[in-house]
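Below is a structure I'd like to ask you about.
Chain naming follows the written order as A, B, C and D, and within any one chain the residues start at number 1.
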Amino acid sequence: MSNFDTLIQDLVIANRILAREEVVDAYGHISTRHPDDPNRFLIARSLAPELVGREDIVELDLDGQPVRDEHRSLYLERFIHAAIFAARPDVTAVVHAHAEDTLPFGIADGTKLRPVIHSGSFIGTEVPVWDIADNFGDTNLLVTNMAQATDLARCLGGNSVALMRGHGFAAAARSLIEVVRLSVYLPRNARALSRARQLGGEIKYLSEGEIEARNRGYSPYSVETWRTWEYWANRAGCGHLLTQPNDSHSRPAKG
Amino acid sequence: MSNFDTLIQDLVIANRILAREEVVDAYGHISTRHPDDPNRFLIARSLAPELVGREDIVELDLDGQPVRDEHRSLYLERFIHAAIFAARPDVTAVVHAHAEDTLPFGIADGTKLRPVIHSGSFIGTEVPVWDIADNFGDTNLLVTNMAQATDLARCLGGNSVALMRGHGFAAAARSLIEVVRLSVYLPRNARALSRARQLGGEIKYLSEGEIEARNRGYSPYSVETWRTWEYWANRAGCGHLLTQPNDSHSRPAKG
Amino acid sequence: MSNFDTLIQDLVIANRILAREEVVDAYGHISTRHPDDPNRFLIARSLAPELVGREDIVELDLDGQPVRDEHRSLYLERFIHAAIFAARPDVTAVVHAHAEDTLPFGIADGTKLRPVIHSGSFIGTEVPVWDIADNFGDTNLLVTNMAQATDLARCLGGNSVALMRGHGFAAAARSLIEVVRLSVYLPRNARALSRARQLGGEIKYLSEGEIEARNRGYSPYSVETWRTWEYWANRAGCGHLLTQPNDSHSRPAKG
Amino acid sequence: MSNFDTLIQDLVIANRILAREEVVDAYGHISTRHPDDPNRFLIARSLAPELVGREDIVELDLDGQPVRDEHRSLYLERFIHAAIFAARPDVTAVVHAHAEDTLPFGIADGTKLRPVIHSGSFIGTEVPVWDIADNFGDTNLLVTNMAQATDLARCLGGNSVALMRGHGFAAAARSLIEVVRLSVYLPRNARALSRARQLGGEIKYLSEGEIEARNRGYSPYSVETWRTWEYWANRAGCGHLLTQPNDSHSRPAKG
């Protein structure tokens, strides 16, 4: 299977994982930059991630417009992906989701969302909160054009996650596996922080050094990262779609 | 299939969605005004929404009484629907449910339930709390006659939702799809607000302008609304009952 | 089927319902007084309620001892049932469970567990907290003899529920259906009260008059009560075991 | 089946139970000391506990190194088990997990994790919190060598559980059944304490005498302990793997 086909297959798996892990439901989406053209990206057409298959993947440009004729509906908020890919040459994959546990941190300003558990380190040191009202006044809160999306990307800056007030979050990473990992652990970290606050006392956040130590090196296929991807793919019923990394001793994917 | 048959089918789907999304359990019900006679409405007989089929739908008048001979048991609280239809010519569908996450807001008066997440906008700017004890003293808290139901409808006023102290909520909307959407997102918004409060600081509620922007236009079959209805119907195992809107490119409903 | 056989069958259903509704897990049990001899009661042998079948039901006396030779293991805490049946001629069914959501109210003394939602009315106006340490010092917290059980029954008094500090609760009612209903709604009421407290402000509890209005009349087979029993039995996969009340228009039990 | 084979089988069951009860997910592991050589222990190779079978069990020494040639990947954090077995001759089984509900207690210092429910007694009187940063500065928070693991074992001391700040916990017990029981009930106790705190007032912890009363005597196969093991094994789909204790009247394991 070609590199491109593998990527499409991984994008399908990623959609299913995000749905199974309840990061997304009917809404929310994930994209990956085109491996051969940095000015294009791949994303599903307007469909619940749970239902996405190979044939649902479309190719868009960095204005969020389809590259080929496309009569099927597209995600209203695809501009989020376009703007982040445009602003961030280092980013290869983007997620937009409404995961419930992240919402409170974009609504109340009393507690900043920061990593408190080791798997939350991928969030990064800072999680800015973007409020569409700041520059666009009263809207329906959806990011439905490049002006809004570019404003969001500006707020995200060089970070991995930006919360979108009253809406959800946008996450950006160097690979599909990493943006999925980040998106799954973000709500988990949010819950841990929320509950820790209720216990009173001082909270021990991950230090900058710890965050860096955990993020050092680009290794989406390290044994530990692969194990989680394999585990989540199996839980999502996509074990059979996994492309094995070159490790003849790894366990055959169980469906 | 005739317009009436489609509506009955949608009412069945709506029942199943509310059950699957845990808005209702053994108790709770949904109704729709009769398309041909504004003085009648359609609702299931006394049955858990999860179990409702076409043959369970009955036709009631605006006193909550059956139009034809009906020996099967009817919902004790059908008067809620009758009174809201009577008071609100603009309303086409009504839900009464006990969804757990809404209950605290009808029990404690420290935090008003207001939209904080974009999908919560359908709640509207104000959610009054109706306490049956105010005008009826000690009762079993159930709305079992037109006097109580009319009092509840008066409290609801022109709003979309009224909480019923120690009991649940009543929701009213312009279409079945919209009252289902409202009812599913109401608990979600309640949870987000509850958890945001625990983080401390100031809470950013949706502004009136944002609520209006989101509710502008009557479009139960917009692509986004349809996608959620399709998604929820599939989750509830009713995908095969969906009547497709006129869009030849939409995905065939998957069961 | 004889009256006795029906009762055994209902006891099996009750076990399965409590398991399915997560009131009990490996631990917890339910009993019913023998219909022909008030000095005996029926309960399962030592087995997770989820697994209980007809053949697992044993007959015990009011000292918690088996009436016939019984070599199979019995519940360590069967004395709870014996003592409550002995102290309360009005009680026909007893539940002991560790349902998680009730535990905090038996651990912290800042909030008394009282009805706040209409389905919680069956808890009654008062829920005493029994602490085994008060009269028995350091123990393993299990009620493993009649002295402890009698002390618990004394604390319960004429109420429907007593919390057992750091352990769970004991519930007593006039019928199997009612003790199951009470036990399923107790955690729900506990959650609602817990969450209401977090919203701040004043809490509106059910008044004594409301509690009485809801409990007036002995009607385990009222349409509303039956509908919940039928619904829960179906969820627990026991629909086929239901004995229909004499209502030829009720829906055939769906498995 | 030999004693060794039974132990391997129980280790497989234990893995599945921890996964089913959500103590572990893709990460987390359980080990048992080798019955014939106290300087070796048995643990799965690097694999999600949910997927572990007999053929995945490997034998390691007290430096965490494989006894035989082993080309398959091993758990990065196997040193936790090695160090605890080395420091604690009384310990026969060890668990390392990230169970969500325990995390807040290792993050905030306002509430010490102590037993509040009877099933939480196995935690012991004290639960130290180990912070890898104290002696190792900025790391990726994983225990990936014997120096870190020995430091953790020192912090654990003679206790049953140590929380690992921002990471999870390490649990040690005298048998597989007991370490599984402890690990399943630890999050439950954490939740109860968390929620009790929110109710306000004074919290009643288990006394030292109560903890001792519950832990007295070494009896992994007492009827009550066996019943839970059987129940959990069945829930995890491993009922058929259970080795019955010598009790001809116990219920045949149901799959």
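One rule holds in what follows: contacts are C-beta pairs under 8 Å (C-beta built on N, C-alpha and C of every residue); 3 or more make two chains touch, one makes a residue touch a chain.
Given the structure is predicted, the values throughout are model-derived calculations rather than measurements.
Visitor: Counting one step for each move to a touching chain, how far apart are chain A and chain C?
Guide: 2
Visitor: For the identical-sequence pair chain C and chain D, what's the CA-based rotation angle in degrees, nearest 5?
Guide: Between chain C and chain D the superposing rotation measures out at 90 degrees.
Visitor: Counting residue numbers used by both copies over all numbers at the interface, does the chain B-chain C contact come out same (over half shared) or different (under half)?
Guide: different
Visitor: Mind checking the centre-to-centre distance between chain A and chain D? Centres are C-alpha means, answer in whole Å.
Guide: Distance between chain centres: 33 Å.
Visitor: Counting only residues that touch at least 2 other chains, which ones in chain C make the list?
Guide: 197-198
Visitor: So in the complex, the part of chain B that touches chain A is made up of which residues?
Guide: Residues in contact with chain A: 116-119, 121, 188, 191-193, 195-204, 206-210, 212-214, 223-224, 227-228, 230-232, 234, 249-251, 254.
Visitor: Going by the contact rule at the top, pick out the chain D residues touching chain A in the complex.
Guide: 25-27, 46-48, 50-51, 71-73, 76, 98, 100-101, 103-105, 107-111, 131, 133, 137-142, 165-167, 194, 197-198
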